[in-house]
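Next come the structures, one after another.
The two complexes that follow have chain A in common; it is paired with chain B in the first and with chain C in the second.
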Partner chain A sequence: MRIPDSILHIDRRIIFLLIGAAVCIPLILKPRFQDSPTPIVQSIFDTVERLPPGSRVFLSFDYGPDTAPELDPMAKALVRHTMTRGHEVSFFTLFPEGVGQIKKITDSLLPLEFPEKAYGRDFVNLGYKAGLGGAINTMVVNFRTLVNADAEGTPLDALPITADVDEMVDYVIILSLTAGDPGLKEWIQFAGDIAGIPVMGGGTAVVAPELYPYYPQQLVGLMGGLKGASEYESALVDRYPAFRNAPMDATMRMGPQVVTHVLIVLLVLLGNLAYFLGRADRAGRTGQGTQAGRRP
Partner chain B sequence: MDVTLMLWIDAALTLMILSFLYRDNPFYKFAEHLFVGVSAAYLMAVGFWDHLVPNLLGKLFPSLMSGVVPGAVGRSPDYYYLIPAVFGLLLLTRLIDRWAWLSRWALAFIVGGAAGFNLPRFLDSDFIIQVQSTMIPLVVLDASGNLLWGASFSHVVLVLGVICGLVYFFFSVEHKGVLGHVSRAGIWVLMVTFGAAFGYTVMARISLLTGRMEALGAWLGSIF
Partner chain C sequence: MRRRIPLIITFVIGLVLITGYFVTRAPFNTLYESFSDYFAIITVFAFILGGGSLLKIHLKRVSSRATDWHYSVVTLVAFLVTLVIGLFKVGNPAGMGGEILAAGSWLRFMFDGVYNPLSATMFSLLAFFVASASYRAFRARTKEATILLSAALIILLGRTPVGAWMTAWMPESLAFLELPNLANWIMAWPNTAGQRAIMIGIALGVIATSLRIILGIERNYLGRGE
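The block that comes next holds the complex of A and B.
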């Protein structure tokens, strides 16, 4: 088999090994790639930053453990930012699996980095509500119909953070971390466009291209995939140097991203080169054969 | 559960799934079936406790459900919820061939209700406001009247991209002459969009692989 053909018919397991190495080696060596926020990410950061301390923020974890490597860094960055600014955060989820994601943040990150923050005063877990877009619609029409207690069953009136919350518009912004439907799109359609509450957040890299058309009129800002999370982390570290030593997951994971993307670009170029060389080679051989056939 | 045990289960299942990259094998099949089974059971439990109990049983039998449904104490039964209960039971008639036709009533209600509920929102958010968002000035000036080259270029690309994309999908006229050129540009716009989406998909998949490799790293770290 000629070289171009052998490249085109390479065993796919060799590609898997190369991708595996491109992910593992940067994870071991931990190279740092300095990121800077793009306007679409910066606008989320600026909005959270400009809110007066004590503002009510609605943070919906619309994802499960399957997309956690992409969306957990965004969740941590948003929680760090909102808590540092002194906002009152209501956690919520439209995904059944989102309950565990909220618990992971409230049970690990908050006690560790913000031990002074108290449940019921600075943050609350409103849990999971079924009904997809219909659930959001019900909350906009009559918030207490759907949400009358926190995830543990404590009535909203018994918690200082939610005692005054009667309507969805009592929240100044809605942040959603989206892995699919329902997610940011539904928050835009059923809350942002109807009630006029500014909607922003992040999405997995698969979902992000579908959400860009909503920016900037219907969506204040968007963190697209791990890159978006990394940009938000860099904005956070720039503004609050105290986080310089905090584990920034997205920034760490950008190493494998960069190396793997370079590898994939090289493989695409190599594949195209092999294809065109192979075609030229075959054309040359066909031409020789034709000439040979014409000899007397 | 013990953290070490969790790490071992996590690592074992990850390796079982990744073993498919070499070839199909019983370990992969086991992990796959376990995933499907656990997911189905989890969603069934969630469906019962988060959907049926608060939204139906809690409304019909509030005193009986007061221990598990917040706010049900002292509430009187709401018998209007018998209607969705009957419709829900009608859906289950699909399991009996003779009565399966009854499930169409419930399905008709679901399809009609969902379409009626979603149509105005999609029309407003995904059509009218999206059209508005495309009606933007091609020449962008700052407060002093200076031309903003970057913003102007973005707006021109956006408007031309939308027009070319729409023309490509306009099949009432043959794509020849000027229309053919615009349509061809539309294909380029679509190709660039697909390429960007592919790039994003690569990023998503590598993020997930990174998460799994980190988990395996934590497992190895617990051993050595």
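The block that comes next holds the complex of A and C.
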């Protein structure tokens, strides 16, 4: 086997091993990469920052455990920011698995970092509602028809945070963390455009490109993948240095992402180099063969 | 008659919903609100239909010993166990009145200990297969493939701090050529233009299909039965 062929037909298990190492080694060594927010991320931060304390914020966790490594850091950063600013946060989800994602935040991050915040006063879990984009439409048309109690069945009127919430427009902003459909796109189409509520949020790196057409008119800002989350975390730490020692998941996970991206780039370049060398080699041999055939 | 009645219902509801969206006066606005409420109720019944369909398909596979029927047994057991634990709040410290995913409940344990790691594992495997597939298939064979490959490499590097570090030496006048700026430009302009074209195309297709359904031209959703 010639060298280009052996490179082209490299055992895929070697590639798997390299990717495994590219993920694991940075996780152990924990390199820190400095990031700065791009305008599309900064606009979310600025909007949350400018809201007067006590503003009602709607935070929809439209994802499940599969995309949690990308979206959980965004959720934590947004919760840290909104709670620090003293906003009243209503958690919600259009994904059945999203209930578990909300519980992770309300059961671990909030009691640990914001023990003074009380359920029903500073935050509430409105739970999951079926109906995909249709559920958003129903909430905009008649909020209380679909959402009349929190996830535990406590009537909204019995909770101080939701007692005055009668319509979707009672929320000043909608934040959605999206892994696909339904997600940010549906919040823009059924709530943002119809009810005029500013919509912003984050999406996985796969979903983010589909959301760019809505920015900046219909979508205030967007965090794309782990990089977007890392940018938001850096904005948060810059504004509130108290978070400097808080575990910033996206910033920590950028290490494996950086090394893996670089490795994939190198693999693609190597694959192309081998491809062109092999092609030149084959062309050379064909030329020699033709010349040999012409000999008398 | 079995086909005509659904067609009439579809036509009337379609017409009312379209009119209700644009005309905000009675009776259209109230009808629009009512239909939105009905939608929320009907959607919940879809879960029963989905569960029933899952049971029917997998029970059939098990009974006929179809290829890989063992997986159907796993699906059925997982479905029924989760359903029973969730519906009757088995192992919930607070009993039937407790929160569905209360701390210490069996369902919470299944979510955190089984579903969570399984989902994350399945999704994580993508990184390995994407790397292997990129290595084998991402070739600059044609002009189009070369453009795609170049854009992908710029995005891959531009979306990491390494991209900024690699091109940080560039003078201010050439700042637009720095990898993060190039990556942002690709996302903001060529990507947005392409996505908008796709979205407008899809929207036109959805409008055309919806009209065909409302007018009874498209009848595939009714099934094949007479």
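A few notes on this one:
Here is the rule we go by: the second predicted complex is superposed on the first by the 296 of 296 C-alpha atoms of A that agree within 3 Å, B and C clash if a C-alpha of one lies under 4 Å from a C-alpha of the other, contacts with A are read in each partner's own complex, and residues count from 1 in each chain.
Quick note on the criterion: a residue touches a chain if its C-beta (ideal position, glycine included) is under 8 Å from a C-beta of that chain, and two chains touch if they have at least 3 such contacts.
Bear in mind that the values here come from a model prediction, so they are computed numbers and not experimental data.
Judged by the touch definition given at the top, the superposed model places A:218 against chain B, while chain C stays out of reach.
In the superposed model, A:270 makes contact with chain C only, not with chain B. When the shared chain is aligned, no partner comes close enough to touch A:109: not chain B, not chain C. By the touch criterion stated above, A:200 is placed in contact with neither chain B nor chain C. More residues of chain A are touched by C (comparison of chain B with chain C).
When the two complexes are overlaid on their common chain A, residue A:77 makes contact with neither chain B nor chain C. Touch criterion not met for A:165: it reaches neither chain B nor chain C. By the touch criterion stated above, A:124 is placed in contact with neither chain B nor chain C. Contacts of A:135 after superposition on the shared chain: chain C is touched, whereas chain B is not.
Once the two complexes are overlaid on the shared chain, A:27 sits against chain B while remaining clear of chain C. Comparing the two interfaces of chain A, the one with chain B and the one with chain C have residues 16, 19-20, 23, 66-69, 97, 129-130, 134, 137, 205, 208-209, 213, 224-225, 227, 257, 260-261, 264 in common. Looking at the complex, you find that chain C touches chain A at residues 32-33, 36-37, 39-40, 43-44, 46-47, 99-101, 103, 108, 111-112, 115-117, 119-120, 122-124, 127-128, 130-132, 134-136, 138-140, 149, 152-153, 156-157, 159-162, 180, 184, 187-188, 191-192, 195-196, 199. Chain B makes touch with chain A in their complex at residues 21-22, 42-43, 46, 50-51, 55, 70-71, 117-118, 121-122, 124-126, 129-130, 132-133, 193, 196-197, 199-204, 206-214, 217. Across the interface of their complex, chain C is touched by residues 8, 10, 12, 15-16, 18-20, 23, 33-35, 38, 64-69, 97, 99-100, 103, 107, 129-132, 134-135, 137-138, 141-142, 145-146, 151-152, 205, 208-210, 212-213, 224-225, 227, 254, 257-258, 260-265, 267-272, 275 of chain A.
Residue ranges on chain A touching chain B, taken from their complex, read 13, 16, 19-20, 23-24, 27, 66-70, 96-97, 128-130, 133-134, 137, 148-149, 153-155, 188-190, 193-194, 204-206, 208-209, 213-214, 217-218, 224-227, 253, 256-257, 260-261, 264.
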